[in-house]
Structures are given as structure tokens and as C-alpha cells.
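You will see chain A twice below: alongside chain B first, and alongside chain C after that.
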Partner chain A sequence: MASTIVLFVLTLVSVALGATAFTPSLDLRPLAEFYLENCLNQFNKDLWAASPEAVTSMLWDYRGLDTVYETTVFFLAIIGSVAAFRFGEAFLRSYEESKRKQRREEGLSLIVKVITRLTFVLIVALSIAIALHGHLTPGGGFQAGSIFAVAPLLAIAAFSRRFVEEFGLTKNTCLAIRTTGLITIALIALIPLLSIALGFTGVFIIQNQPKPWALQPSFPGFPVYLGPIWLAGTLILFNVAEFLTVASGFTLLFILLSLPEDFFRRLMGK
Partner chain B sequence: MIPLFFSPFLELLLAFSLTMALVLAYFAIVQRDLVKAAVLSAGQSIAYAFAYYLLAAPDILFAYIPIAVGIYTVLLLYAISKTERFEEG
Partner chain C sequence: MTSILGQILWLYMYGVLLAIVSISIYGVVVRPHILKKIIALTILADTANTFMIFIGYRLGATVPPILTTLNPSPSDIATFVSSAVDPVPQCLVITAIVINMAVTALLIFLSIQAYRLYRTLHVKELSRLRG
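Let's look at the complex of A and B:
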């Protein structure tokens, strides 16, 4: 009873505060002004990130090291969960187990299966679109990877895990895709350093565009447009690589978590 | 003098959605049935996602909705399915 009264009073207070339209301040901080003025500044290309999307250019160009550390943390989390489920023959055994039993109805009903087929395609298409347009519209690699991860989850729930495994979505496939994504990120971050061998001296890691105030000759930068298409230097490459990494990491997690319970019981009992 | 055009809809919606998030979080904590608690926490995440949209942060929105409503809720349901469904005490 007391908790209901407290909640009611809190609701009244917060709605009343909202009705006064109290907003802290509408001025931008100097740092935000700097980012907004410079991320697509065609007249002064000293500090530009070649992308109209300020958030993605902050993620991968102005504060690129933070995103690299965040990807490392995610990578370590997935390593930890793969180590917790470290039984090597896991997928083979769960597949053969179900084949030995009689083939009964597995998965959910027919309506759920039909709708899951539709939404699977929609979710995958949307996530790829968000990843590829990360430098133009809100979104980017990590967001697209998390959206993608919902699709195999739905497939495991509506069809069975064995069905999804038959289609080739196994632990080793996901590990291979994730390693590809991580190596691509590391390579793109270190390519400016490799160009020292070609005689460029003003190079930094995670460098997107040339810096005219650095030692000349500076690294010439990644291509910004391909005809009418606006690539944004490293941003599109980083977004695609991060999408592969995050999507396969989350999918790996669900493949490992949905191993059946009696499989583990039998394993522990031996 | 009240200004001629006074439209606090953004702040009212923000206050409403965040209060709904608080209420749903409270009910998720005191709920005994853990499956209902997982669904209530997903509802709280939806209220937060609405607040992120009102604060004009679409990048966070795209990451928050699948993780909090999809991945986190399914993780909780997996954990509940391997232990018991009703909390004691």
C-alpha cells in the first residue's frame, strides 16, 4: 500500500515537472560545436572526417581508439563464453542425438514458422542496410550487428536448433566470421603505419584523411567517394567489419546457450 | 506572462515514459513469477527506448532495442529455464 502511494506521488511530481517544459540549456558545448563544424567541412579539410554523420565519425575517427577498446572488450566476453562451453564435439553430438530418436514435431507451430521465415529476411536485410549506410544515416556497425543477432535467435526458437545447424550456422562458422571481422579492423587501423615504408611520414593509426599540419608528405587517406557514392574513407570499412564481428559474436552466444539441457547432464554424468 | 506558444509535449512525453519505466522496473523487482518479471523488464526497456527517441539519439536507439528487448530478455529466459520459475520467500 505504501509503495503504491509512493509511486503515485512520484508520477504526479514527474508529470508536473514535465509540464513546466524545463530544459537545462539549449546552447551547445564548445566540443560539440567543434565536431559539428568539422565533420563535413568542405572548405577547411584539415580536420574533416568526410562524413555527414557526426556520431559515426566520432565513433570511428575522432574517438576511434575508444571503439577499438570496446571491440576488444566484446571479443573477450565472447571468448569467455566460448571457454565456458568448451566441449569440442558439442554440435556433432547434439545433431546425431536427435537423428537417432524418432523424428517428431520439433519447433513451434506452422503459423510461427511461416512468419519467422518472413521476418528473418526482413531483419537480415535491415541490418545489412544499417551497416552499409552507417556513415550517412544513424546506425553503424555495432547497431547493425545487434539487430542482426535477433534473426538467428528467432530461427532457433521457431525451428529447432538442430535445423539451424543443418543450414551451416555452427560454432566454427561464427568463429571464422568473427575472426575475419577483427582482423579487418586491425588491418585498416594499421595500414597508415604500413605506408611509412612508402615514404609517407605524417602517419597515425586509425587515420582517415590526410592531415596537412603533420609532417609532409602525409598519408594520402582512404578514398572518400566512388563516383556518386559517398564512401567515407575508413568509416564504411570499419562499419562493415564491426557488423561481421558483432553479429557473429552474438549468434555464437545463442548457438552455445541453446544446447539442450539433457546433453549437459549426460556429459556431466560421465 | 505565459508565452504565447507554450507546448511542453516533448517534456511531458519524456516524463511519462520515464515514469512508466520506473513503475515497470518496480513491478519487475517485486514479481514472484520470474517469466513475468523478464517480460516486465522488457517493457521497461521499451519505455527507455521511447525516451531515447524523444531525446533525439537514434544511434543508441538502434543498439538498445535489440539488445535490451531481444538479447537480454532471451538470456534471462534461458537462465530461468535452467533453474526454477517461481521465486521463494
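Let's look at the complex of A and C:
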């Protein structure tokens, strides 16, 4: 008990000391000022990220490497969960087969089902809109993916797991989509390095726009716009890939969590 | 610039966050049930995120850190820099939220598996089951 109290007091003191230096002020910290000044500074394109959204341009450009490693942590957490709940597809199929006869009508009442059908479409549309506008408005791949994952969760609650699987969102499809998203992120991050083979110089990992200090021929960077559509270089690609990763990752977790307890008991031979 | 009311509100908010931190640390350290530890851990993480957003606030800031035009003039950028809140804590927090969600999911999966194997989530009883 004494050690608990000591730990408790030490943590509180450290948190309190860490926060006393920060009181609200009129001025920004120099780092924040740099990001706000440069994120869409078309008069000095040396350090710009080509996005009006300072948070997204930090997340996927200035601090991009940090976010890639964060995606790695996400990958490991999901893979760990799937490994804890591993089973063969054939076993699940034989279990479903054995339960088919005693199955009654599934899901909640008609009202809930109709409302869920409506909100399912709205949630998916909203999440896609947020993912595609991540470099222009608040939001991005993470937020859009988390919003998308609510839709299968609702469908599992209102209908059943089989309803979601009839949509094509089975365990293996989710794993495949998630892997595609992760590979896309890795590829986009490595394209500048791969361009060394074409003779470009002055490149670095997760490069978005060309840098003026590179020797000629310098890396041309990713397209900032395509006709009237603003793309902001790598940012939209990263956002869409991250959307696929997060959305299918959480859907996968919800599908695994909705498997019946009886199935796992039979799987473990109890 | 800071009125007395503003400073009182600042201290109040600070105190509330510290109180929630202390309650959640108590939950993680003292409570013996793993599910309650996980709940306390998520509260701790969310409080830390709120705290980071809290210290990123800037007096007199009126806009979020997003430019509203794709073709800003130098005066637009100057106004933006002088009126936007600090984007750095927001960027750190969005990273932390996703990691927190993924780690919570992993913890829940592991504790469900532990419950299936041992039929208990009480740490004292789990530690007794060796081998």
C-alpha cells in the first residue's frame, strides 16, 4: 500500500510540474509558427506541404516518419488481436453448418433494421468524404476509418455477423484490404528513394514536394493539383490508404468480437 | 489580458484534469480486475489527450489551424498565423488517439482469451495459475 501511495504522489507531481510551464499566452511557440507559415506558402515553396490544413501537413509531411511508425504500431496491435483469435475457415464453416437447423430469425426489430439500413449508407458516405477531403478540411484517414468502422458495428448489432459477411466484409477480405493499404503507404513513402534509380538527387523518405537545395536533376515531387482538383501531393494518397487500413482493421476486430463464445469453446476443445 | 475569471477557469480546468488523472492511476494500480484496469487506462489516455489540447490553446485565437483559401496572399497568411491555435498538440493527439484505440483493442482481445482459458480476470487468481 505504501508503495502505491508513493507511486501515486510521484506521478501526480510529475504531471503537475510538466504542466506549470504552460499557461495560455498570446504568442505561438516558434515551431507552431513555422508550420502555420509554411504549410501553404505559395510565395516561398522551399518548405511547403501544399495543403491548407496545418495538422494534416504536419501529420503526413513534416512529421511523416512518426506517423508511418505509428501505423506500424497499429498493424502490430491488430495482428496481435487476430493471432489471439486465430481459427481455420473450415472450422467456422462446419460450425455454421451444425447450427443452421436451430437458427431462428436474427437481429433486432423491424424499426431498428430500417433505421440501420439508412444510417449505414450515411455513415459510409460521410467517412469516404472525410477521407477524400483530409488535406482540405479537418479530418483525415484515421478519423474517416474510425467513422467507417461504426457502420459494420451497427449492422452486426441490428442484423447479425452474417449480414456483414454477405456484404463481402469477411475476415480474410478485411485482412487483404488492410494489407493493401499498408503496402500502399510503404510504397508512397519509398517512391522518392526508388527514384534514385532514375538519377534524381536530394531525395529523402516520405518526400512530398521538391526541395530547392537538391542538385539537378532534383526529385519533381508529387502532383499538387490535377486540373481543378487539389491533391496536395502525397497527402491525399496517404489519407486514402490510411482510411482503408484503419477501416478494415477495426471492422476485422468487430467481426472477431462478434463470433459466438460457443464457437471458441468448441475450437479449444472444451 | 488574462482576467481573474479566466485564470480561475484555467486553474479549475487544470484541477479537474489532475483529479481525473489521479482517479485513473488509482484504477490502474489498485483495482484487481483486469477489465477495470483497461477502463481506467483508457480514461488516463483520454485525460492526457485533453491535457495536451488544453495546453495548446492560445489566448485570443479565433480560428482552427486551417487556411480557408487555396490561394492565400501574404496578408492572409499573416492573419492566419496571428489568429490560429497551436497545431502541434492537435497533431500529437490524433496520433495518440489511434494508438490508444488499437492498444485497447489488443488488451481486450488478450483479456477475453485469458478469461476463456482461466475463467477469471482477477489478477490475484490469475497469478496463482502458473505453468
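Assume the second predicted complex is superposed on the first by the 236 of 270 C-alpha atoms of A that agree within 3 Å, B and C clash if a C-alpha of one lies under 4 Å from a C-alpha of the other, contacts with A are read in each partner's own complex, and residues count from 1 in each chain.
Convention: a residue touches a chain if its C-beta (ideal position, glycine included) is under 8 Å from a C-beta of that chain, and two chains touch if they have at least 3 such contacts.
Predicted model, so just to flag it, every value in this text is computed and none were measured.
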Partner, of chain C and chain B, that touches more residues belonging to chain A: C
Partner chain(s) touched by A:T11 [first = chain B, second = chain C, both, neither]: both
Chain B versus chain C as contact partner of A:F74, first or second or both or neither: second
First, second, both or neither for A:M268, with chain B first and chain C second: second
Touching partner for A:L153 - first (chain B), second (chain C), both, neither: first
Partner chain(s) touched by A:L28 [first = chain B, second = chain C, both, neither]: second
Touched partner set for A:V55, first chain B, second chain C, both or neither: both
Chain B versus chain C as contact partner of A:F85, first or second or both or neither: second
Which of chain B and chain C A:L36 touches, first, second, both or neither: second
Which of chain B and chain C A:R63 touches, first, second, both or neither: second
Chain A residues contacted in one complex by chain B, in the other by chain C: 7, 11, 15, 19, 22-23, 55, 138, 140, 142-143, 146, 250, 257, 261
Residues of chain B touching chain A in the complex: 6-8, 10-16, 18-19, 22-23, 26, 30, 58-59, 61-63, 66-67, 70-71, 74-75, 78, 81-82
Interfacial residue positions of chain C with respect to chain A in the complex: 1-2, 10, 14, 18, 21-22, 25-26, 29-30, 51, 55, 57-60, 64-72, 74, 77, 80-81, 84, 86-88, 90-91, 94-95, 97-99, 101-103, 105-106, 108-110, 112-113, 116-117
In the complex with chain B, residue positions of chain A that touch it: 3, 7, 10-11, 14-15, 17-23, 55-56, 130, 138-140, 142-144, 146-147, 149-150, 153, 250, 254, 257-258, 261
Complex contact set, residues of chain A against chain C: 4, 7-8, 11-12, 15-16, 19, 22-29, 31-33, 35-37, 39-43, 52-55, 58-59, 63, 66-67, 70, 73-74, 77-78, 80-81, 84-85, 137-138, 140, 142-143, 146, 230, 246, 249-250, 253, 256-257, 261, 264-265, 268
